[in-house]
């Protein structure tokens, strides 16, 4: 009887999670379709949003789920972008899927390197390491200009048609569809990962690493593994950006992008994949509006936005809405 | 019977002060031992040395005959030396079921798996259910820990330790901070611990010690001054002098 | 030999400027436990005010320094009241976000008000030119920066070790709750320390303008430099901060002299190496 009870609860929990995965997937696809219909002339922006969304999801894995504060996460995104770009320009690997694979590999390696360094310290030293790392990556890419094009950016990326059928057109339709599909796949995989035993282990590490050690698990190894996964996700985003814009700019490895991705994550709400997506979409549209109206004030607006989020919605937009809904549901019961 | 857990001539000093000085003890499966001693006797240091959170200056720690002195804390847990904490260390946002499931998966080397929802793993959940049931926590299985009472959190702490299937269990004041009304349930849980498990309990509460332990080790100023039955401990003059001085009157009055 | 001497003098001057700017960050971090990424922004504000006072208003250098220090404190007070107060005792991530938000705002406003170009602060004739030491001449300004650094270190040492305020400050750093229980008005200590920290940052920003040129991205460019001084030197430790500043000043200056192309690259590499070797800071290692 008791065992049946447990099994039923377990089954229900599993089904609930699966339902939310499918709902999330549906929301992504519907939003993508609406975006396509509303902004047919601005697909480049929408594609960039999907690429940055991958970066913010990746940041959520280490910051939201593992509690590592980092201001250098663009290092993983930029490494993926350069890996894909260099593969195309210097090695003639112009198949978009292979380029994304190169980006994933490059991002994962950068994640491993950054993880080894960043996880050595805690608190302020950890933050210092993350900032120093992004500057180091930036300087390195700047100086290795024969490979990266330096401050001019890496140009001349000409991806082949997708699976040999769909050429990357001037309007960016193929790139957009490619981006949305990539984002949808990654999102579903990450939903599975954060609910897996490993995801639970990471939540435990975020709350109390000493407890985790007393269970016989190594927090450092688990966090390093998460960093590699995070790098792969960010690298996919970077590669998508390289494929869709056909250039890799040096600012994909910048401190500003790192800080902005953290702003997007916090705006949406940390520790939730939906929050990461919400934050990215809201922030990117906001950026597009403000910088079109007055590019001079962009940084001031981001700063003010950040202060406002800290003061008024510390849980982020999605987190706040979710909390209100949960309270309603609780009261309704 | 062969020893499952041995400590030999363990020494550790802090700046010239020997906090643990030549401590030895040996436990067989099924032993129920209480480690007691006045404040400052070196119990906390001893626990840290044994669990591998502190390096000894000299001496040896063995689990199941294997020397683990140079094995780190995580490695010792994996070899079957599991501890509970004096102040509960639980994940406030996670449920008891998740705690126990995580411990089970970690024990089986499956906690690093990237896919699979363990709330839906029926084998794991059956074990979670039976363990939580034994400790009377089944009704709370899916509530976040921050919503459950402290006495129940202490029981969960024991459940997590048991889920790791230890060979040696180190209980650091398992009843600390629990209201008097709830200590009965914890004592019951301690009485129900598996028979083949070696249990070393560090405790202040003498009533609990005398009811639980078949053997008492008294630590004072970093050395073992007594190792024997609880009844003999109260009669031992060194123990009375070092520790039970304040309890002697209470003991004779009772 | 000549090069080594030049490097040594520049490194010393640079290290001292770093010290003047970051010591305030170190004290506030030790005292209020706030990871203040906006500290460099206050140094930048000081530089801008001094530049405006000296160039546009035609005031003397001394007056410009004074106006810069007090002007920056006046600007910082409402920011402390309205924003910093809200993040004392908050998680690190919250503090990082708030102070980086403040930094972005200040950069954006500076960019809008003063434009994206470098701002110079004209030196008085007495600080221009170079002093002849017989075998070698040194720019007088470098000597001035070194003297300022030593003076600040000495004054702070005196204030912390020898005055009644210093006793309260040390008590509050050690244990704020205990200090408050003993009758120390910690909020006053906090406010005064914050003002002094900001004032010193502004002072360092003005004195060091020759070495760390004033421009809108100043606050981001040197953010990691100031933070690493504090994280390596240990929060609230004057000797630690001094040692860290000289070390970093030496590395950065040497890199720029010997490998101007890759100077920054090796600087960040050195920062990473230092933090990895001393994850608890120089002082933490000694314990």
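Structural remarks
For clarity, chains are labelled A, B and C in written order, and residue numbers in each chain start from 1.
Here is the rule we go by: contacts are C-beta pairs under 8 Å (C-beta built on N, C-alpha and C of every residue); 3 or more make two chains touch, one makes a residue touch a chain.
Chain by chain, the UniProt names read as follows: C = Branched-chain amino acid ABC transporter permease.
On a predicted model such as this, the values are computed, not experimentally measured, just so you know.
Chain contacts in this assembly form an open path, with each chain touching only its neighbours along a single line.
Each chain gets a centre from the mean of its Cα atoms; the one farthest from the centre of chain C is B.
In this assembly, the C-alpha centroid of chain A lies 42 Å from the C-alpha centroid of chain B. Chain centres here are Cα averages; for chain B and chain C they lie 50 Å apart.
Between the Cα centres of chain A and chain C there is a gap of 34 Å.
By the touch rule above, chain A contacts chain C in their complex via residues 63, 69, 71, 117, 120-125, 127-129, 131-133, 135-136, 139-140, 143, 255-256, 259, 262-263, 266, 270, 296-307, 309-311, 314. Across the complex, chain A meets chain B through its residues 2-3, 5-7, 9-11, 13-14, 17, 192-193, 195-198, 200-201, 203-204, 207-208, 210-211, 213-218, 222, 225, 229.
The part of chain C that touches chain A in the complex is made up of residues 29, 35, 83, 86-87, 92-94, 96-98, 100-109, 111-112, 220, 223-224, 227-228, 230-231, 235, 261-262, 264-265, 268-269, 271-272, 275-276, 279-281. The residues of chain B lying in touch with chain A in their complex are 51, 73-74, 77-78, 82-83, 85, 89-94, 98, 101-103, 105-107, 110-122, 125-126, 128-130, 133, 138, 141-142, 160, 164.
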